[in-house]
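Sharing a structure with you now.
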Amino acid sequence: MFYTDGKLQYPVRVERPNPHFARALQQAIGGVEGEIRVALQYMFQAFGARGPAKYRDMLLNTATEELGHIEMLSTAVALNLENAPLSFQEEVSADAMGGVVLNGMDMRHILSTGLAALPSDANGVPFDCSHVYASGNLAADMYANVTAESSGRVLAVRLYNMTDDPGMKDMLSFLIARDTMHQQQWLAAIEDMGGAVENLPIPNSFPQSQEAGEHSYAYFRHMVDGSIPEGRWSAGPSMDGRAEFTAVKSVPMGDKPSLAPARPDGGAQAQQSSKSGTTGLLGKVEGAIERNL
Amino acid sequence: MFYTDGKLQYPVRVERPNPHFARALQQAIGGVEGEIRVALQYMFQAFGARGPAKYRDMLLNTATEELGHIEMLSTAVALNLENAPLSFQEEVSADAMGGVVLNGMDMRHILSTGLAALPSDANGVPFDCSHVYASGNLAADMYANVTAESSGRVLAVRLYNMTDDPGMKDMLSFLIARDTMHQQQWLAAIEDMGGAVENLPIPNSFPQSQEAGEHSYAYFRHMVDGSIPEGRWSAGPSMDGRAEFTAVKSVPMGDKPSLAPARPDGGAQAQQSSKSGTTGLLGKVEGAIERNL
Amino acid sequence: MFYTDGKLQYPVRVERPNPHFARALQQAIGGVEGEIRVALQYMFQAFGARGPAKYRDMLLNTATEELGHIEMLSTAVALNLENAPLSFQEEVSADAMGGVVLNGMDMRHILSTGLAALPSDANGVPFDCSHVYASGNLAADMYANVTAESSGRVLAVRLYNMTDDPGMKDMLSFLIARDTMHQQQWLAAIEDMGGAVENLPIPNSFPQSQEAGEHSYAYFRHMVDGSIPEGRWSAGPSMDGRAEFTAVKSVPMGDKPSLAPARPDGGAQAQQSSKSGTTGLLGKVEGAIERNL
Amino acid sequence: MFYTDGKLQYPVRVERPNPHFARALQQAIGGVEGEIRVALQYMFQAFGARGPAKYRDMLLNTATEELGHIEMLSTAVALNLENAPLSFQEEVSADAMGGVVLNGMDMRHILSTGLAALPSDANGVPFDCSHVYASGNLAADMYANVTAESSGRVLAVRLYNMTDDPGMKDMLSFLIARDTMHQQQWLAAIEDMGGAVENLPIPNSFPQSQEAGEHSYAYFRHMVDGSIPEGRWSAGPSMDGRAEFTAVKSVPMGDKPSLAPARPDGGAQAQQSSKSGTTGLLGKVEGAIERNL
Amino acid sequence: MFYTDGKLQYPVRVERPNPHFARALQQAIGGVEGEIRVALQYMFQAFGARGPAKYRDMLLNTATEELGHIEMLSTAVALNLENAPLSFQEEVSADAMGGVVLNGMDMRHILSTGLAALPSDANGVPFDCSHVYASGNLAADMYANVTAESSGRVLAVRLYNMTDDPGMKDMLSFLIARDTMHQQQWLAAIEDMGGAVENLPIPNSFPQSQEAGEHSYAYFRHMVDGSIPEGRWSAGPSMDGRAEFTAVKSVPMGDKPSLAPARPDGGAQAQQSSKSGTTGLLGKVEGAIERNL
Amino acid sequence: MFYTDGKLQYPVRVERPNPHFARALQQAIGGVEGEIRVALQYMFQAFGARGPAKYRDMLLNTATEELGHIEMLSTAVALNLENAPLSFQEEVSADAMGGVVLNGMDMRHILSTGLAALPSDANGVPFDCSHVYASGNLAADMYANVTAESSGRVLAVRLYNMTDDPGMKDMLSFLIARDTMHQQQWLAAIEDMGGAVENLPIPNSFPQSQEAGEHSYAYFRHMVDGSIPEGRWSAGPSMDGRAEFTAVKSVPMGDKPSLAPARPDGGAQAQQSSKSGTTGLLGKVEGAIERNL
C-alpha cells in the first residue's frame, strides 16, 4: 500500500521554458529508458518475488522512489510548456528561433494534454508494459535492472548535455546521481546473492550436466572468410572459471528441414499437397479445378 | 551482407507432436525473451557500433548465429503442429486428452499460418522492435545482452522442464548451452573493455563531478515506518570502490508543484483559469456562459 | 513523492488456487478496465492539473490508493498460481478437471514470470499507456474517470460471479465497494465544479457562438428508410436546458471531394496524373514507358 | 448493412494549404480522441447491444454519421497537403517560414501516402482498437461515449484555435457543434434509461448488499501528513443519495504478502528456494553447484 | 457520407452456439486478414485517391460493403456466445466436452464485453491501423487488396472447415464468395489501368533509366554452396518482357562500414572514442576516470 | 543457418550528412514498407513452407539478401547523423538552415541510439511483427510479397526524389533496381505455380461448388443513388474466365439482428434484461434497486 505527500523529491525549476526540450524529456518519462518503466518493473519484480523477503522489500522501496521521478519529470515537462505557442499565428509573430518552436514540439502537448506531460516517449509512442521485465528469477531481474539504470543514465546524460537551462541541469544532475546509485544497488544485490560467479549461468538452479556442455563455452564463428574478432571471449578461462573459451567454426549439425506437404483442408494451394514440383504439380492443379466444378 | 545454406545449426526432431507445446515454443521465437529479439538486437548494436571495430564484428557474428535459432525454433513449431486438429469434429472424435488440444493451441496456428510458426509470443502478441536495445553505449548494451541471455536461458529451462519429448529436450539442451556461452560472452566483453568497475557508472564518459554526488551512493528509504531492508547495498564500500553506501530517509527536497492556470484558448474548463477555487470559481463559470451567449 | 509500508490495503486470501482464474484476474491488472490504467491516469491528470489545487491533490491521493490495488491483484494472481502445473506430465497425472488446467492458463505465467502476475490483460496483451486519458480539461477527465470506474466495477462484478473461492469473493467485494465510491467521487467532483449543466458543453471555455449552432442540438438520422429510434435524445428540452432536441434527416451539405491529380515525382502510377480516365489514360502510360527507356 | 453517396456531410475547404496543420488534423482522425475511435466504438456497442432495441438503433445510426467525419477530416488532410514540399531542395528555395515546413510535417504524408491522410495520430502512431470501449453494459458505454465526445470536442476546439484558415475554421465549427450534440445525446440516453441515480452504481444489476458496504462511500486519505483535499466528495450526501460521504485515513487491513518459495523446476535462482536469506542462502548455492557437477 | 438500414447483408444463423468458435471468428473481425482491415483500407485508399475518379468511387463502394461484413461477423460472435459459461461452477457441472469450453474461450468475451464481439483477433490482440495500406499508388494498393482478399479467403475457408454448424457454414459460404469476387475485382482494376505489364515496375512513373539497371532482372544467389533453386525466376524472359532473368552469385560490392568514433558528449563509453582498441583503450578509461575526479 | 562477411552488399556513401534525411530513411528500415519486414516475411514464409522444396529455398535465399539491405540502410542512417547537433546551443550557433535541423530530426537518434539507426519508422514507431505475412498459402504469400516490393519501391522512389546527395541517390538506385527484380520474382513464382488464373481463387484447394456461387462474380452496388462506377470489374468476362461480371444493387438478405437479453449475472445494467424498453424498463430498475437493499 502506498502514500504520498504531494511534494517533489527534488526541486524542479525551469528558467527558460523550451517546448522542444519538453518533448525530449518525454523520453525519460515514457521511453523504454524511462521512469514509468523502472517504477513498474521494480514493482512487479517485488509483487512476484519468491525467496528471501529482503529482496522484495528492497525492490518495492526503490519502485516507490521511482514513482516520484515520474512526478518530477512530468512537472518539468509542464513547466517547459508554459509559454508554448498554441497557434500558427503566434508562431509567425515570434522571433526567428521562436518561429520554429511549433515544428519541434510534440503537437500532442497542445492537442491532447493542454500543455502537460504524456506517458509517451519523445516520438509520442506510448509506453507499453511489455518492457516491464520481471522474470521470477532474481539474478536475471537484477541484470535487467542494471540495464535499465544504465540506459537510463545514458539518456539523462544526453538530456543534460542537450540543455543549457540551469534549472534543468540541476534536476538532471540529481537524477544522474540516483542512476549511479541504482546501478550500484542492483550489482550489490547480485553480490548479496553470492556474487556474479555463483549466480552463473542464470538460472543456476538448472543442472549444467543436462545442457549440451560441449557448446557451452565455445565462440561460434559465422564469418564466411573464417576470420574471428579476438577478445576476452575467444580464448582463456571462462568468466565463471569452470572452463576455457574456444573459438570454433560454426557448421550445420542438422539437415535442411523438411515439413510434411500441406493438408487438403488447411487452406493452402493445391500445388502444396506434395513435396516435389514440376509435372505432379500441374496434375494437382487440374485435379483441384476439376474437383471444384 | 549475409549468406545461408538452408540447413539447421542443430538437428530439430519431434517424436510426439504436441500443438500445445508449439504454442509454448512461440515465446522463444517472438517473446521478449526470444530469438528475434536477440538477433535484431545484436544486429542493430553492430550496425551502430562506434569505437574499436572488434566489438562490431563480434556482435554481427553472434547476431548471425541467432538468426539460425529462429530457424530452428520455427521448424520445431511446424513439426509440433503436423497432426494438429483442424476442426471441432476431429477434436471430439479424439481421445480424452486429445479432445482438449484445440483449447490449448494457438488458434492462429490453424487460422493464420496453416500449421507453422508466427513471429509472436505464446499469447499471440507479435514481437515489436521497441525491445531491440541498442543504446550507442557499449557497456549498457553488454548488460542488455546479459539480460537477454539470462531471461532467454530461464525461458529455455522452463520449456525443457515442461516437455518430455526427447527430441525437444535435445534441441533445448543445445539452446541452453548457447545461452550459457552468450552470458559468458557479454560479460567477457565488459572485461575486455577494462572490467566492470572501470565501466561504472555507465556512461563512464560523463564527469561524475557534475552529478549531485551526495546522492550517488545513498540508499533512499521510502518505508513509512522507517524500516530498511539491509543488505550489501545499505552499508559498506560501494561496488566501484569509490565511496561508502549509506541508507538515508527519503524526504522531499522540493515543494508541491504549482503550474500556471490554464490559458484561455487551451481547451480547458473555464474553472481552471485561476489557481484558487470556491467563490472565484462560480464567477468564472458564469462569465464563461455569458461570453458564450 | 511516494511512500509505502509493504502491506496490503485489504487481505488477499486464496483458498483453492486456480491458475485459470489467475489469468482472468490479469484483466483487472493490465486490461483497459484495470488498475494500472487508473493509477497512471489519475497520476498524470494530477501532474498536469491546472486550476484550483484541490483537484490535483484529490487526484494524486486516489492515484496513490490505486497503486495498492495493483499490489493486491498481483498478489492474488501469484497465490492462484502456487500449485499450477509446470509440465505436460503433471497435467496428465492430475485428475479429470485438473488435466485441462494447463489449457486455460496464461502460459506466460509459467514461461515468463515463474508463477507471478504480468502487467498484461487476460489475453496476455501488455497494458499500453495510450489508455491514460489526461486531457488537460478537468471535466473531460472526470467523465473519463467515471468511465474507468464503471467498466472497472463491471469487470470486478464479472470476476466475482466467475469464482466461488471465498477469499477471492471477499477481496473482490472490497474492490467493488471502492469502485462504487470512486464513481461517486468523480461525479461529486463535477458537482464541485458547478454541476453537470454548468460544465456543458465540454470544454465550456469555448464560446458557443462560434460553433455551427444550428447543428448543436439535432439528432441526425442516417437510416435509409427514414426511421428514427425515438428517445430522450430526439425531442424535448436539451440536457443543458439551452435548446430543444430535433431529429433531422442527414443530407450531404458538401459535394464529392476532388483532389488534385498525383504530382509527377510523388511515387504514384503515371495513370494518376490526370483526373479523367479512358483514352487519356493509355496515352499517359505509353508516355511513362517511353520516358523510362 | 451500409450505404454511401460519396459526398461530404459538410463542405471541406482549405484556402491556404498547411502541411503542418495536416499533421495536427491527424489527431482528430486516428488519435484516441478521434473519429475512427467513435465510429468503431458506437458500431461495436451496437453490434453487441443486449436489451431494448432502440439503443442499438441509435448507436448504429450515430456510428454511421461518424464514418462521414473520418471522410471529411481525411479530405481536409489531403487538401492541406496539396502544395507540400517533396524534397529538401524545394524546402531551401522557399521563403523563410516555408523553409521549415518539411520539419513540421508528418514525413509519412510524403513517404507512405503520397500526400493523403493516415489512420494515425499527430505523432504517426496508428490507431489501435483497444480504444473501442464496448463493455456490454449500456450505462458504462454511455459514459465512455460522453468521455469520447468531451475529449473530441476539446481537441476540435484546440484545432480551431490553432488555425486561421477560414475554410478549416468553418469545418471545425461544424464538428464542434456535432460534438456538442453528441455529448447531449449520450447524457440523454442515461436519462432515458432512468437517470444517473437509477443507474448507479454501474452495473446496477449487482446487489449492493454483496459489496463491502462500509467502504462504498468513504474517501480514503493517503496523504502522509493526514491532510485532506476537501470538496463535495469528502462530506455530505452521496451522489446517489443512499449514504453520507466520509473521509477516513487509509490504513493497511492486510499484512505483508508472503509467497511460497520458488519451486525447484521453475527457472528461479537456487537462492530463491527458501524464504529466509543469510546462511541458508550460501548453502543453497553450494548445493546447486554441486548438483550441477 | 454513409447510411445504414440496420439489417444484415446476409442472414446470420447459429444452430449450436460454440464459444470456442466465437473466438476463432474474431480473427475474421480484428485479425490482419479480417474485415475491419479491408473496410478501413479501401476507405483510406478512396479518401486519398488521386487520378481518375472512378477508382475512388469503386473503392468507397466496396469499403461500404465491407462494413456490413464486420456487422455480420460480430453478430455471429454474439450468437455463438449466447450460452457460454460465466463461471467455473457452471463449467464443472457441464458435460465432459462442455467442461473444457471455458478454456477455449476468449475470456474477454465474458470479462470485457458481456458476450459480444471485440475488435481484436483470435488471440485478443486488438486490430491496429498500421495494417491499413493506402500508399497513394493505385497499382500498389490493388496488389495490397488482392493480398487482403487472398488471406481473407484463406481464413474464411479455414473457418468453414473448422465448424460443422450449418448456419455458420452458410454464412461463410457467402463471405467466401465475396472474397472470390473481390480478388477478381482488384485484378480487374489493374487490367482497367492497362494491365499488369503496363503497370510494372510499380511505381511506373519513375524512369527506369535512373535505377541501377544491371541489377534489375538478376536473381542474387546467397547460398554458400552456390546452389540455386531454379524456376521461372532464374532464367527466361522477365515478366514485363523487357529483359532476361539471370542468376548471379551475390558478392559484396561495398566494404565493411566504418563509422566515426563516438563523440565525447554523446553518452557513449570513453572506450568508444577511438576506432582502435587495446592499449589506447585503457589509456582512455584512465583519462575518463581522472577527469571525473 | 546463416553466415556473414561484415561487408556491405553495395557501397553506402553520404556526401552531405543530413539528420533530417536520416529520419526519412528510417521508414525504409522499420516502416511497414521497409526491409525488416521483407527480411522476416520471406524468412517466416520459408520456415513454414509446405509443398515443393524449391519455393522454400528461393524464399530463404531472398530473405538472406534483404538482411543485407537493413545493414545498408542502417549504415546510411548512421552516416547521415555524423554531424548532427547534440544540443540546443549548437543549433543556435549554426547557420540559418542548420538552425532548424534539430526540429526535423528524430530526437531518439540522439537520446536513444547516440547517432545510429532504430528499428522504427520515420515517426519513431517501432516495427511490429504483425506485418510479417506468412499465411501457409503460397499464392497468397506471393501476392503479399508483390505488395511489399511495390510499396517498398514506391517508398525508395520517394526517398530518391527527396534527396540530392549523390551518394544516397546511388544507393537508392540500387535498392530500386532490386525492388524491380523482386516484383518480377514473386510474379514469376506465381507463373511457376501454373499462372495467375490457375491459382484463382486463392486458396484454389477449396471446391468452388461449396461457395455461394451466385455472389462470386457480382459487383455489389452500395451507392444510395444507384450509380455505379463502371470499369473492367462491372461487366465482361471474369478475370479467371469462368463467369461474367455483373453489377447488382446490394440489398439486405438478412433481418435486423436480435440478440438475447442480457443475462442477470453478466454485469450489464438491469434495464438490459428484456428486449423491450418503456414501462417494463422502470420496473426492472426498481426491482434491481429493491434487490440491492
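Order of writing sets the chain letters: A, B, C, D, E and F. Residues in each chain are counted from 1.
The definition used in the following text is that contacts are C-beta pairs under 8 Å (C-beta built on N, C-alpha and C of every residue); 3 or more make two chains touch, one makes a residue touch a chain.
Bear in mind the structure is a predicted one, so any value in this text is a computation, not a measurement.
Counting steps between touching chains, the shortest path from chain B to chain C takes 1.
Contact with chain C and chain F alike is made by A, B, D, E. Counted by residue number, the contact pairs of B-C are over half the same as those of D-F, the matching pair from C-F, B-F or D-F.
Each of A-B and B-E has its own count of C-beta contacts, and the greater count is at A-B. Averaged C-alpha coordinates put the centre of chain A at 26 Å from the centre of chain E. Put simply, the C-alpha centre of chain C and that of chain D have 6 angstrom between them.
Counting partner chains per residue, chain C shows two or more touched chains at residues 1-9, 32-33, 47-48, 50, 53-55, 57, 61, 64-65, 71, 75, 78, 86-87, 100, 103-104, 110, 112, 114-116, 120, 123-126, 128, 130, 135-137, 139, 154-155, 157-158, 161, 202-203, 206, 208, 222-224, 250, 252, 256-257, 259-260, 262, 265-268. Taken together, the touching pairs cover every possible pairing of the chains.
Across the complex, chain F is touched by residues 154-155, 157-158, 161, 224, 265-267 of chain C.
By the touch criterion given at the top, residues 1-9, 30, 36, 40, 43-44, 47-48, 50, 56-57, 60-61, 64-65, 67-68, 70-71, 74-75, 78, 112-120, 126-130, 132, 134-137 of chain D touch chain E in their complex. Within the complex formed with chain C, the chain D residues making contact are 3, 5-12, 32-33, 53-55, 57-58, 61-62, 64-65, 71-72, 75, 78-79, 82, 86-87, 110, 114-116, 125, 128, 130-131, 133, 135-137, 139-140, 143-144, 146-147, 150-151, 153-154, 157, 160, 170, 173-174, 176-181, 183-185, 187-189, 191-192, 196, 200-203, 206, 208, 210-224, 227, 229-233, 238-240, 245, 250, 252-257, 259-260, 262-263, 265-268.
Residues 1-6, 47-55, 86-89, 92, 99-100, 102-104, 106-108, 110-112, 114, 120, 123-126, 135-139, 193-194, 198-199, 202-209 of chain C touch chain B in their complex. Of all residues in chain E, only 18, 20-21, 23-24, 27, 31-33, 96-97, 100, 103-104, 121-125, 154-155, 158-159, 161-164, 222-225, 250, 252, 256-262, 264, 266-277, 281-282, 285, 288-289, 291-293 touch chain B in the complex they form.
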